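Next come two complexes, and both contain chain A; in the first it sits with chain B, in the second with chain C.
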Partner chain A sequence: MILIKKMTPARCVAWLVLITMLVVTLFPLLFVAKTSFVPAGELYTTSTQLLPDNPTLSNYKKIFGLLSTEESIAAGGSGANINITTSMINSVIFTGIIVIVQTFNCALAAYAFARIPFYGSKLLFGAFVASMMIPSVVTLIPNFVLMRDLGLLNSMLGMVAPFFLMHGFAVFFLRQFFISLPKDIEEAAQLDGANSFMIFFKIALPLSWAPLMTVATLTTINMWNEFLWPFLIATDDSMKTLPVALQSFKSQTPQGQPDWGGLMAATVVATIPTIIMLFFFGRRIVESVQFTGGK
Partner chain B sequence: MANITLKNVTKRFDKLETIHSVNLELCDGEFVVFVGPSGCGKSTLLRLIAGLEEITEGVIEIGDKNMNNIAPANRGVAMVFQSYALYPHMSVRENMSFGMEMRGESKENIHTRITKASHILQLDELLDRKPRQLSGGQRQRVAIGRAIVREPDVFLFDEPLSNLDAELRVDMRIQIAQLHKKLKATMIYVTHDQVEAMTLADKIVVLRAGHIEQVGSPMELYHNPNNMFVAGFIGSPKMNFLPALISDIEADNSVIVAFNGQKILFKIQSDKLSIGDPVTLGFRPEHIHLAKQEDGFHFDITVDVAEHLGGISYLYSRFENNNMTIEVSGENVLTSGDVLSVGIKQSDCYLFDQAGKTLIERVLPNR
Partner chain C sequence: MPFMSRKMKNSLFGYLFIFPALIGFLLFYAWPAGRAVGISFTDWNLLSEPYYVGLDNYVDMLEDDQFWNGLKLSAYYVLLNIPLQVMLGLFLAVAMDRLTKSLFVKAAILLPYLLSNVLVALVWLWMLDPILGIVNSLVSFFGLTPQAYLGDPDQALVSVAAINIWRHMGLCAMLFLAGLQTIPKYLYESASLEGVTEFQMFRKITLPLLRPVMVFVLVTSVTGSFQIFDTIAVTTAGGPLDSTRVIVYYIVQNAFSFYKMGYASAMSVTLCMIMLAYTLLQMHIMRASESDLN
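On to the complex of A and B.
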């Protein structure tokens, strides 16, 4: 009843626009999920349907290596291979290292910018914020040359190096939160005998659990989907992350049609962690980013 | 020994000087209240003593030791903040033990001190609760408990009761007074509430714009304020001030003050006055009588607003464009528009020169 009472014409239009946007956003995902369950032979005959006629798990068996190449080709595949388990592990390690180390480093830097006055801090903080305006492609070649000279090509360290030290947005976001922490609490800790590190670890960090989780979630999503840098650095199959492995899988049949069913199944698997994160932390991410006024 | 000495203490924030060369001696075990209007520097002075702000010039000594370069934790002070400043993610017990853990105290010692402090402040039932599960008064008691367990030489209170409701303020005020009696530690208490200052203090330090206006016991400040600022600040409602003139000067520093066509003799402490000099006559609302006084001034006023509080009533009026407040017994049912003839005894009058300095010294009441 309350909903009906509040339904003004303007609200109806807003709902209509939102529902349209939701359909436009979700339809490609639904199509990807549907295609992953379609047998190769029915790929084009059922392309206008929302649900497959004869759903199958063969595409998933294929990407997890449960079918031989012959069986895969017989099932309508291109014969292309993807080592999705290894790629998944690589993605987890790549994302995990960056999320943990970058969030921690950014929290340290943000706390210093928020609470410890030092000469040039405003200038340095300005540089951090300005770094958000530099497109990543600009630093791609210098970073690549540096990694090559350091002998870190095709290594996990080389893959995480440009990301795991610092990120301008995370520093800005956490600094905004640390500034909002009551100063009295930190002064009470100072009187209790805690030094700056103790105050950071024992007081500021535990009180910043929510924004730290937000930064970690945003970083997880970004790094899980990161393609270009791991693509440049990881040349060996055993080092490829999921987005790189997907691209590699797609391009294994340059003359013929890609294995769309397998590709869609691998895409669904690669998307699941992101969807789970959004499901649990979606509202927090939106609220926290609004809080900073950053985007 | 926790006597505190401030020698020419100055504090500047960039170019803005907020504390101007303050000198102060506080004795061991004294309950000292810093009082003054907002922005007078009382909290800054407290934070300088705590070490939370660095002094720009001068020396702060606690127990005859120079504290200028000593970290807050090593000054032997504990502070109770206006906002309580409890650690929100820690239980009451953890809040109280944090400082002792930082200093590496033994677990037995921590336990003993927490038990003792929680018993004094009746916190035994609350030790495992988080601050958000406590009422304002309970949080305040935890904040005081956290200070007690440190067993400091000096307790610093920064407007600790200002977030509490009126009833709880009175309760906590009494508890703090009892605590001082029990612990016998030096306590410095910052407030803008002069009732708290009068009721708690052994010694009051009145501040204005970063300067000390007067230091003394509550009774000294009430009866013998140095100047019009202190006279107006100490006492509630504040003192009334009316303009008067020196009409004659007699021998042995006696002057005749003319006010509203009446002349009264005052013995003053200055020989710099001349006939015709303007002076300010001060008298407290509680010293005004609803009848002419034989040895004093009298005049007529019209009541603008009357506030009846039960036992007493406040009447607000104006006399020759000067605001006036009169305190009368609640039995007098007066209302706006009533015309009153009021009188003030000569012995209840205060007299100030053009610069606002007091001209007479009054005798303090004896027990």
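On to the complex of A and C.
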């Protein structure tokens, strides 16, 4: 655009908005990072400073379980515990299983809805899409009861169960894509005697890398951050995902005041994977998120 | 399989393809949704057998002040949350569209949305701590009175809304930015040749052409924030003095703290109806809101 190269008043306002928003967005995170290096005794005295007086790693040692309970209380901990390594691994497994299996299942179903005229396909597709409208709190109780009856509480299978088989949005989104693919190659393959499975794996799937990655990216964001379901299923510390572990670390405060140093260190550690992902896949993440509103 | 007709073969393959997703749909959406209705007609604490009580739960619900309070708080929360979030997101998107294509800026603006509600709640619990938090330090620095924020019944829900605005405005901005980029630049160019001011361009070109994205953002964010739970579970647990006991928090509490599965289900089915009615209404409006470009 030619008209905006000058420093017009509107342009000044726009810069002001953008810079303010960037500061508002990033400042709290930097402040949390600072707090994670502050020794417990100095939280009050350094509360308005941008840098700690005597930076320490004790908060990090504490959350990685490198200090004994006595040491950690001496270092200003609340005696609360978090096993951040275990919950990080749990989060990776939880998210990984769901993203891979759900994306694959949804691609299969989406392809059938787009290309195979089977009995009842319209009705079922409508039902799949409608499932997006059910608030999760409605299915929560029956699903919890089912997991309990199957003995799947505190198990990874129980945690991924409601998510990993299908997701209405993923089916809807991928079907739109498959419909937009030109039919010629698939029809030629069909004439050569290839069945639907062969066509799906050999032709359609290799062409769908981009939309599959979009779906996978969105599912990764949602599942990495999912709280309520894993919170209900994983009551045992060894099964907790990051959000669940952070919440229980926050709420077990035997000595009243939360262990701010430890909590902020845990917050920083839990933020790091997101920042790494953003660093490597920034463009894909931004574009995937934008895609959701594009239709 | 020469003995099968084309039709049968298609149906066989069709069902083979959708099989895993269909199981997921039946087992974790369709059946539990029906079962929730069934449970809502019972008195059930998970341990004993469910006891059929007919419509008692629904009758109790209508007489339960906490239920109405929860609905009211959720609606109030939506009103606090959405307009400001959408406005900030829109300003941000317009600013970014004008000034920069930097991926770093986009990534930074989107970052809060990529962090979990729990994480974001912890960040702000610390920032808003009445004694140690930086927000009160800044407030005193400017000569104002420090506040209790999440600890004050009059401010708690507003604080939760502020936290969620912080998390979601970047997402809003990204969605609007994608919408802005579909608007042909020549519209602005010819408008500027005719001496139209930037503000008029925003009102006469940008806003009308953004309507489809606007409707999408409104539908998803209204139903989403009406069901706010995570942030409240971490920051206030429904308090102080029930000032943040929104409807979903009250439902989860009834189910998993008080073990009143029937009552919780009755409320969740009601919530589902409300959300469904809202979505249908919105879809009706959405159909009437195709972009003026088409």
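Note that the second predicted complex is superposed on the first by the 266 of 295 C-alpha atoms of A that agree within 3 Å, B and C clash if a C-alpha of one lies under 4 Å from a C-alpha of the other, contacts with A are read in each partner's own complex, and residues count from 1 in each chain.
Methods note: a contact is a pair of C-beta atoms (placed from the backbone, for glycine too) under 8 Å apart; a residue touches a chain by one contact, two chains touch by 3 or more.
This one's a predicted model, so the numbers in the text were calculated from it and none came from an experiment.
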Clash or fit, chain B versus chain C on superposed chain A: fit
Touched partner set for A:L22, first chain B, second chain C, both or neither: second
Dominant contact partner of chain A by residue count, chain C or chain B: C
First (chain B), second (chain C), both or neither touched by A:F227: second
Partner chain(s) touched by A:A112 [first = chain B, second = chain C, both, neither]: second
Partner chain in contact with A:N154 - chain B first, chain C second, else both or neither: neither
Which superposed partner A:T48 touches (first chain B, second chain C, both, neither): second
Chain B versus chain C as contact partner of A:Q176, first or second or both or neither: neither
First (chain B), second (chain C), both or neither touched by A:D184: first
Arrangement angle, chain B at one end, chain C at the other, chain A at the vertex (C-alpha, nearest 10°): 90
Touched partner set for A:F164, first chain B, second chain C, both or neither: second
Per-pair minimum CA distance [chain C against chain B, superposed on A] in Å: 8
Intersection of the chain A residues that touch chain B with those that touch chain C: none
For the chain B and chain A complex, residues of the former touching the latter: 50, 52, 72-74, 77-79, 81-83, 85-89, 98-99, 102-103, 146, 150
Chain C-touching residues of chain A, taken from the complex the two chains share: 1-4, 8, 10-11, 14-15, 17-18, 21-22, 24-26, 28-29, 31-32, 35, 43-44, 47-48, 101, 105-106, 108-109, 111-113, 116-119, 121, 124, 127-128, 131, 133-146, 148, 161-162, 164-166, 171, 195-197, 200, 221, 224-228, 231-232, 242-244, 246-247, 250, 258, 260, 263-264, 267, 270-271, 274-275, 277-278, 282-283, 285-286, 289-295
Contact set on chain C toward chain A in their complex: 7, 10-11, 13-18, 20-25, 27-33, 35-36, 39, 46, 88, 91-92, 94-96, 98-100, 103-119, 122-127, 129, 131-134, 137, 141, 166, 169-171, 174-175, 177-179, 185, 188-189, 192, 198-199, 213, 216-217, 223, 227, 229-230, 233-234, 248, 251-252, 255-256, 261, 264-265, 268-269, 271-272, 275-276, 279
Chain B partner contacts - residues on chain A that touch it in the complex: 182, 184-185, 187-194, 198, 202-203, 206-207
